[in-house]
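Per-chain residue numbering starts at 1, and chain names A, B, C and D are given in the order in which the chains are listed.
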Amino acid sequence: MKLTSMREAIATYVHDGDTVAIEGFTACISFAAGHEIIRQGRRDLVLCRMTPDLIYDQMVAAGCARKLVFSYLGNPGVGSLHAIRRAVERGIPAPLELEEYSHFGMVGRYLAGAWGLPFFPLRSYLGSDLPRVNPHIRFVKSPYGGEEIATVPPLRPDVAILHAQRADVHGNTQLWGLLGVQKEAAFAARHVIVVVEEIVDEEVIRADPNRTLIPGLIVDAVVCEPYGAHPSYVQGYYDRDNAFYLRWDEISRDEAGTWGWLEEWVYGLPDRKAYVEKMGAEVWERLRPGEAWSGAVNYGAYR
Amino acid sequence: MEYTPTEMMIVAAARALAGVRTVFVGVGPPNIACNLARRTVAPQLELIYESGVFGARPARMPLSIGDPALVSGATMVCSQADLFGLYLQGGRLEVALLAGAQVDRFGNLNTTVIGDYAHPKVRLPGSGGACEIAINVGRVFIMMPLSRRSFVERLDFLTSPGHLGGRGERSALGMPGRGPERVITDKCLLGFEGGEMVLERLHPGVTLEEVQAAVGWKLRLSSPMGTTEPPTVEELRILREELDPQGVYRR
Amino acid sequence: MKLTSMREAIATYVHDGDTVAIEGFTACISFAAGHEIIRQGRRDLVLCRMTPDLIYDQMVAAGCARKLVFSYLGNPGVGSLHAIRRAVERGIPAPLELEEYSHFGMVGRYLAGAWGLPFFPLRSYLGSDLPRVNPHIRFVKSPYGGEEIATVPPLRPDVAILHAQRADVHGNTQLWGLLGVQKEAAFAARHVIVVVEEIVDEEVIRADPNRTLIPGLIVDAVVCEPYGAHPSYVQGYYDRDNAFYLRWDEISRDEAGTWGWLEEWVYGLPDRKAYVEKMGAEVWERLRPGEAWSGAVNYGAYR
Amino acid sequence: MEYTPTEMMIVAAARALAGVRTVFVGVGPPNIACNLARRTVAPQLELIYESGVFGARPARMPLSIGDPALVSGATMVCSQADLFGLYLQGGRLEVALLAGAQVDRFGNLNTTVIGDYAHPKVRLPGSGGACEIAINVGRVFIMMPLSRRSFVERLDFLTSPGHLGGRGERSALGMPGRGPERVITDKCLLGFEGGEMVLERLHPGVTLEEVQAAVGWKLRLSSPMGTTEPPTVEELRILREELDPQGVYRR
């Protein structure tokens, strides 16, 4: 396929029981993909993300997940993720298994997966209780002097879903602003869905090859979904909807409120286009940044 | 001039950054403290955000460490792999400001659970980058309000190592960083001796009894006990007018 | 210091016996720095480079080196490096110790150095004779299933010298085109000298933070040396002087020819400026590429 | 139509790439062969250069794998760490074309020294990326002119592993790649059985005796022995007019 709809992409590459990584560190989180997964009623997913954020709070509330692989479980700058806490503390709607790392540990797991390594070594976890509750965190002796260093195993998601500013129809994807672990997650995964604000001509990509983060070579599906990362943000396209991150703290405090929101904004809508329309022009107006251009560099024409 | 305990804590943290070149920073009070330090005692201070931003020059006070305002106009933006690999583990960061739901006398921090891990009373956010920051950064400043709920005899879970059981335990494990050096609270300042917290200064108007009552173990005291200089007019002006006009962090 | 002359930078950061890495994969090789090191008569250097190229052939011929740490010893697209072969095969002008890896092994060594790791694991060297002749190449058992994987130790040069298109006076450096191991070598080194075609205003760097490869934080000296990478090239600024790479094959075939060239083009000149003038305008004209601009992206103004 | 042995070798290599999606390529004949394949049997073939360039569209024939003409207009340029880590070791590359100063019957290659390592008769370039390419890439095609100096009974140095001592030795060591699958020369085509080279086809006009005389061990033969289709007019036209107008690689 390659260029396709979100409905098609999720139907084809996300199955019950799959290990799924929707990454993006604060920026470029594909809420559009998460909502479509909820709509299609996927179950028993193993959800991987450094920072589960609101998107996994919503997917857990909707009953899509059986397990979370993560390193920071909070609503950034606000507080708790209430739906996930309900699942963990009280098994609502269902018990949720936790596999917990630190940020660097998650980065190392993606790196090992992407680099085809049996493990990744990192200076963390010494003296911490984390290895006690997570048997996947181990230690190895350096062959140079025998020092002990922590290791994490490779993470190979069945599918990684990454949002970015733009790609061509072949899936060659360019991202700027925070890079998070988008590249490592993409290369670690068996299948890759790229979601972008704009599909651009191949020549736009080829004009700046150093800006290409994910090559079409490893991309299975490209979905064009403007505002698809809201309420997170896309550098240069729209701001983070901090007001919504605050509102979610109230919405999600009880099951009724959470369900009400899911009914209205996910189940009640056919697709992201409807979400964007329902959200309304003034919201997008409020979130639109001014312009700040990068300037251009010369690669040179060599004949 | 009037000021709140939180303002005193922020000002004290800013002063502690005198002479520091690179600081690993999160949002909220630590971010305010670092920006106050840049405008006062540490003009050369470089802030590095966990989101991978270096040399940020935000046009607004960032609301999260991933705020897009941190990116536009920054000197450099790097991947999380580079941030933790090249900068943190690579030994490029001098100081980090950390906090937790619980801290013990050795500066070990818990940000994972209250109660039993398998059946937590409260599920906290977890490590984030704190565990490797605590191990790799040159020196750790712990910055959190003093309270009996937070300063405990025994942690429910050790997320990020401080001095573990005390003197020498970090180096025995080969940790690159020197670990916690100061604890900056809203009531007092503490240092460490032999890996254990020692009360060094009381903030103006705070009594030793108040402090001891808010700590879950018998505090070691330095003598003579000092008193913190109150915030200057200039420190408060920058804090209130430039850094936190909405007064979000004043309470 | 920071912004300074090549003479100053080399005098301050390169000492007899130092371990030096002048990196750059085909592109951005700081010949200007290598020639200044020759002029200042440094001795007993341990020279590290994936591909020693002409620059180390010249430095070895001049007697600067006691050891080479490398992974590919050739004149790319032409043939042998004759001066280095004379040193290795016949000890002329002096015996040269070799410490030999594969490309990935060198990359891994720089990565371990830059990342503060005691070793870097990689899938190489199995069944090869290389570990037999290089005891620094070892193997470790994975703590997940006990599979054996090769390791290389960290490389921590005393100084790394990297050429790039541009930097600001603080040393914040932007590079495009081939990236080689410039970033990893810089972070692995104890001191960093950056050599650029242009010093630009800090605002030019800040307009495109994702383009910054080496932060001023780790840079000790910035030297502005236009054409400082000739006969290698700088993307968008000048082409590779393939004619010179071919000519060097003849020049370097005997000691006399090699010495003659060094006398005329290195010892006989005070600095790079003189080299550029002596080379002549028509050469730079011949090597000037046409224009091929990257286009600009919007980072957005967030207030 | 007349053609040289080198042209026959390049054409045979191009044909061998039929159906391949990604190839790890160096300059010279392999580069010409890959570009010929794209224009004939493998239009979807993606070339990846060791210099970190993907989807190159050079306006001139590159003179080195680091030629700036490969960068301008390419789909992506990445660091050497990403090239070897994400692409090669990450298992993204199907085929690589390799050569050496010496090859043995198991497809093991020597690019390091002739003679003793400590006191070499000839010091060769060394591994470059060949050692890890030979271990990690899906399948290896060896492309080199046949000669008794190169096809030897015993290597002076094993730089890049082929099938080592024969069947199963690679997998026993846990190598991701399947190793050498074809040997493409200017006189013949060879395959592998049980990890050992087997002569499969003679190029037009070449005799079995010529081939055996240029190989340092008793060659195993497949029966029936095939003959290579000579280069077509179209293959030669593309090769001579489009890819190598100067005739550098025709000799």
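Operating definition for what follows: a residue touches a chain if its C-beta (ideal position, glycine included) is under 8 Å from a C-beta of that chain, and two chains touch if they have at least 3 such contacts.
This one's a predicted model, so the numbers in the text were calculated from it and none came from an experiment.
Between A-D and C-D, more contacting C-beta pairs join the chains of C-D.
If you average the CA atoms of chain A and of chain C, the two centres end up 37 Å from each other.
For this pair, chain A with chain D, the centres built from the Cα atoms lie 40 Å apart.
Chain B and chain D have Cα centroids lying 58 Å from one another. One inter-chain figure worth recording: chain C and chain D are separated by 29 Å, centre to centre, where each centre is the mean of the chain's CA atoms. Annotation for chain B: residues 53, 67-68, 71-73, 77, 85, 89, 136, 176 touch two or more other chains.
Counting partner chains per residue, chain A shows two or more touched chains at residues 116-117, 122-123, 147, 176-177, 179, 183, 207, 210, 235, 239, 289, 292, 299-303.
Under the stated contact rule, the graph of chain-to-chain touches falls outside the line, ring, star and complete shapes. The chain pairs satisfying the stated touch condition come to A-B, A-C, A-D, B-C, C-D.
Those residues of chain A lying in contact with chain D across their complex are 114-117, 170, 172, 183, 187, 202, 205-207, 209-210, 212, 215-218, 299-303. Listing the residues of chain D that touch chain A in their complex gives 22, 46, 53-55, 57-60, 67-69, 71-77, 82, 85-86, 89-92, 136, 176. Remark: chain C residues 116-119, 121-123, 138-145, 147, 149, 151, 153, 165, 174, 176-177, 179, 204, 207-208, 210-211, 235-237, 239, 289-303 touch chain A in the complex. The residues of chain A lying in touch with chain B in their complex are 25-27, 50-51, 70-74, 76-77, 80, 84-85, 88-89, 100-105, 107, 111, 122-130, 133, 147-148, 176-181, 183-184, 233, 235, 239-240, 242, 289, 292. Chain contact summary for the complex, chain B toward chain A: residues 27-28, 50-53, 63-68, 71-73, 77-81, 84-85, 88-89, 108, 112, 117, 120-132, 135-136, 157-161, 164, 169-170, 173-176.
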